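Below: one structure in structure tokens.
Letters A, B and C name the chains as they come in the text, with residue numbers starting at 1 for each one.
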Amino acid sequence: MRGLHAYVLAAAGVCALVYGHLLNPYWMHVAIIAMFYGILAASWSLLAGYAGLFSLGHMAFASLGGYTSALLVQWYRLPIPAGMAAGVVLCTLVGAGIGWICLRMSGPYLAIFTLGFAEIVRITFSTEDEVTGGMAGLHTAPLFRAATDLPYYYTAFGLLVFSLATLAVIARSRWGLFLRALREDEQAAAASGVAVARFRTLAFAVASGFAGLAGGFYAHYVGILTPSVGSLDLMALLVVMAVIGGMERIPTAVGGAFGVEFLQEALRAYGQWRLVLFGLILLGTMRFARNGLLTPAWLQFVRLGEIRGPAPARRGVGQEGSGP
Amino acid sequence: MDYFVLQATNGAIIGVIYALIAVGVTIIFSILKIVNFAHGDLYMLGGYTAYYAITFLGAPPLGALALSMAALFLFGALVERLLLTPLYSERTERKDEYGLLVTFGLAFFLRNTALIVFGPFPLRPRSFVPGVAHLGSLTVTWDRIFAGALGVALIIGLLYFMHRTLWGQALDAVSQSRESAAIVGINPRLFNSLAFAVGAALAAAAGALIAPVYSLAPDMGVLPNIQAYVVVILGGMGSVVGSIVAGILLGEAEGLFTAFFPDPTRALAYTNAFGVLVLMAVLLVRPTGLFGRRHVRME
Amino acid sequence: MTGPGVLVRGAGLVKRFGGIVAVDGVEVSVAEGDLIGLIGPNGSGKTTLVNLLTGHLPPDGGEVFLRGRRVTGAGAHILAALGVGRTFQLTQLFGRMTVLENMLVPGLTQPGSTWEGARQRARRYLEFLNLAHLENQYARNLSGGQQKLLELGRALMLEPTVLFLDEPFAGVHPRLRDELIGRIRDLHRSGRTFVVVDHDMDSILRLARRLIVLARGRTIADGPPDAVRADPAVLAAYAGS
């Protein structure tokens, strides 16, 4: 049956929606946070996995989106969706700006530059505490006033589906092809007619916009916002999530986010050791299964949907990049 | 006025520390062709190793320093063997990205392990040399002077090593051209390990020297990591002397920035941002670093 | 009836790298229907000249014209869209994309292109290059010779009027080289202009109607192969390299 995997995923989504209310508050919160990271991992995957732009500024955009929304709502009494939208717009524009500034930076330099950007954002939010509340935190208006987190659950689900759908459309379009070409060989892409500058900027703009969306939602869900949302620690966790799952494909990146988040909660008793474990898994994944732990499973899963369809793409020799 | 002079002096001392860290990054970059994202955490480990050497082994300051450097030297060699060998294989693609991701992962791992093993609260080893010195109207702690002086001594030692000893010259040769080095009979694999080990040892020295001055915390390496990149990019990726000069200049610039910043309560926070701003400014002007051609892609 | 027009023209092109002048005031005119061999000793600036004419490098001096229109400083992707195709000295394929995807990238940058249309064109070219059976293979798994053919195919997807081939015969098996020469001839016959850079004089001479010789960044000869080969300046340049 063609596209079987799509039906399976859709069914899973429907179940999550319909049975969500059965979750106890703790696990509902975990699910919401997982979806938050899912949006971030998916958008980062477009930037770093598809276009090859390893940005360490992604969480900074999330925090920028969050603070923008929270402050606009606070100062101008805007309805929260408007605040969130403003956050998304700002992040898209700033993201495009960063992408444009970084046009001629490659690999490590881009990473260092975006790391610098993230630190400046964090330091500014932290230091200007009259405006932002600094390390003590900014109290934000809640999106819903309800007895349970269920409305937040549905909202997060909706935002996740929207984000994944949009990102999937981009990834499968010719734009997605061009972004992948950029990662493979920028010079050859240019020689093939790909407007490198335009697509690098576009990748940054889109990814940052989604980060801002996630951040805006988070701000009005959690109720208190601190500069640590944009910290390197959370950025590193995001990288861990995406890479362990598989940063080159959106589904595996999201899978990595869900997996790490749920694992993090399941192993709560082990406290700080969880992060050490994730670090080890990350190192192991990089060293021995570079395209991610979920990728082989995902590829098999997709193949399920192609049994009567056209022949699946023949894989190259072995798993790419595995082993020395 | 005294305030400015004091900041300038402290700036110079910090500059020496930056130079030590940055030289390590440079050496690793020249030989392995990767940017080591875990360098700040090697610096952090060096600081803690010295702390434990002093506190639990009762080691004297110089002994702690030597032990710290030796321990991180071995650790660096181990890391290289375990994680970095794919960089030399034909089958590994996008080696830049691999180096970046793997050292990033290492940094994450080390930082979180340190949080558990050492605890999140700042620690401060006993002073190397207790008390303060009075130079004219300035008051500087002996620890700072000690750090600065030993840092300078280490730098001189390193330069001597690179230019006068056989191993150092070989290291220099490999950094210029792997192929020629292999032809001459130098084993590049050995030198990769040596490069990473030396880089780690230098970072450790920096951490050990500054520990009594600034105290230790598991995340103490985050900002120095960024500052090391500033230095390396300013001084020329691949230039040891450039890193030294740029390191001292950056330290000095930060000191003066702190001194001149109008709002003292914010000065320290924004001083941290200062180095980052310099970095971003440099990258804007020269996206491939100031000496871009030194960055040769591995593929 | 007008004679063949000038497709690409470089006027007074200069390019410096640090202290080295790679291209030193080169005048070159590529006419429609030409099949030019661009040769010269190592380091004479051939690849740099190609980079200048295809928009991969902006010149430090001089101008580039495409069909009379000034395109100096226009990026490579703009010139690609205007019908200037090129291959690279060391094949630069999209390694972890399939052969078909490699072809689709340039195919889909063309305005008004559709996936189906691009796929059809891609398959036609792959047939022409004997690569059709490898459509779903990752490009990096192809043999060296197949990769060179794929790069040619990728350039063809732009429907270029002029193609710059940078060392297409380097390290290529003789049988494949013959096939390559045959393909280039076929394409030339159907109206495409070629500028081929290579050191393989045999292949160049089998193809080229016109030779341009570069030495130390300057044109030292430009004309029919026989005349150029007998030119003392050319002999001197090669002898001295």
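Remarks
As a convention for this text, a contact is a pair of C-beta atoms (placed from the backbone, for glycine too) under 8 Å apart; a residue touches a chain by one contact, two chains touch by 3 or more.
What you are looking at is a predicted structure, and each value in this text was computed from that prediction instead of being measured.
Averaging Cα coordinates per chain and for the whole protein, the chain whose average falls nearest the overall one is A. The interface carrying the most C-beta pairs in contact is the one between chains A-B.
Averaging C-alpha coordinates per chain and comparing to subunit B, the farthest chain turns out to be C. Separation between the centroids of subunit A and subunit B, computed from CA atoms only, is 32 Å. Centroid to centroid, with C-alpha atoms defining each point, subunit A and subunit C lie 41 Å apart.
Look at where the CA atoms of subunit B average out and do the same for subunit C: the two points lie 47 Å apart.
Annotation for subunit A: residues touching 2 or more other chains are 320.
In subunit B, the residues touching two or more other chains are 93. Shared interface positions of subunit C, defined as residues touching 2 or more other chains, are 95-96, 140. Residue ranges on subunit A touching subunit C, taken from their complex, read 174, 177-178, 180-181, 184-185, 187-197, 311, 313-317, 320. Residues of subunit B touching subunit A in their complex: 34-35, 37, 82-83, 85-86, 88-89, 91-94, 96-102, 104-110, 112-113, 115-116, 222-223, 226, 229, 233, 266, 269-270, 272-273, 276-277, 279-280, 283-284, 287-289, 297. Taken in their complex, subunit C has these residues touching subunit A: 54-56, 75-77, 80-81, 85-86, 88, 92-98, 101, 104-106, 108-110, 115, 136-138, 140-141, 154-155, 157-158.
Against subunit B, the residues of subunit A that register as touching in their complex are 52, 54, 101-109, 111-113, 115-117, 119-120, 123-124, 126-127, 232, 236, 239-240, 243, 272-273, 275-276, 278-280, 282-283, 286-287, 290, 320-321, 323-324.
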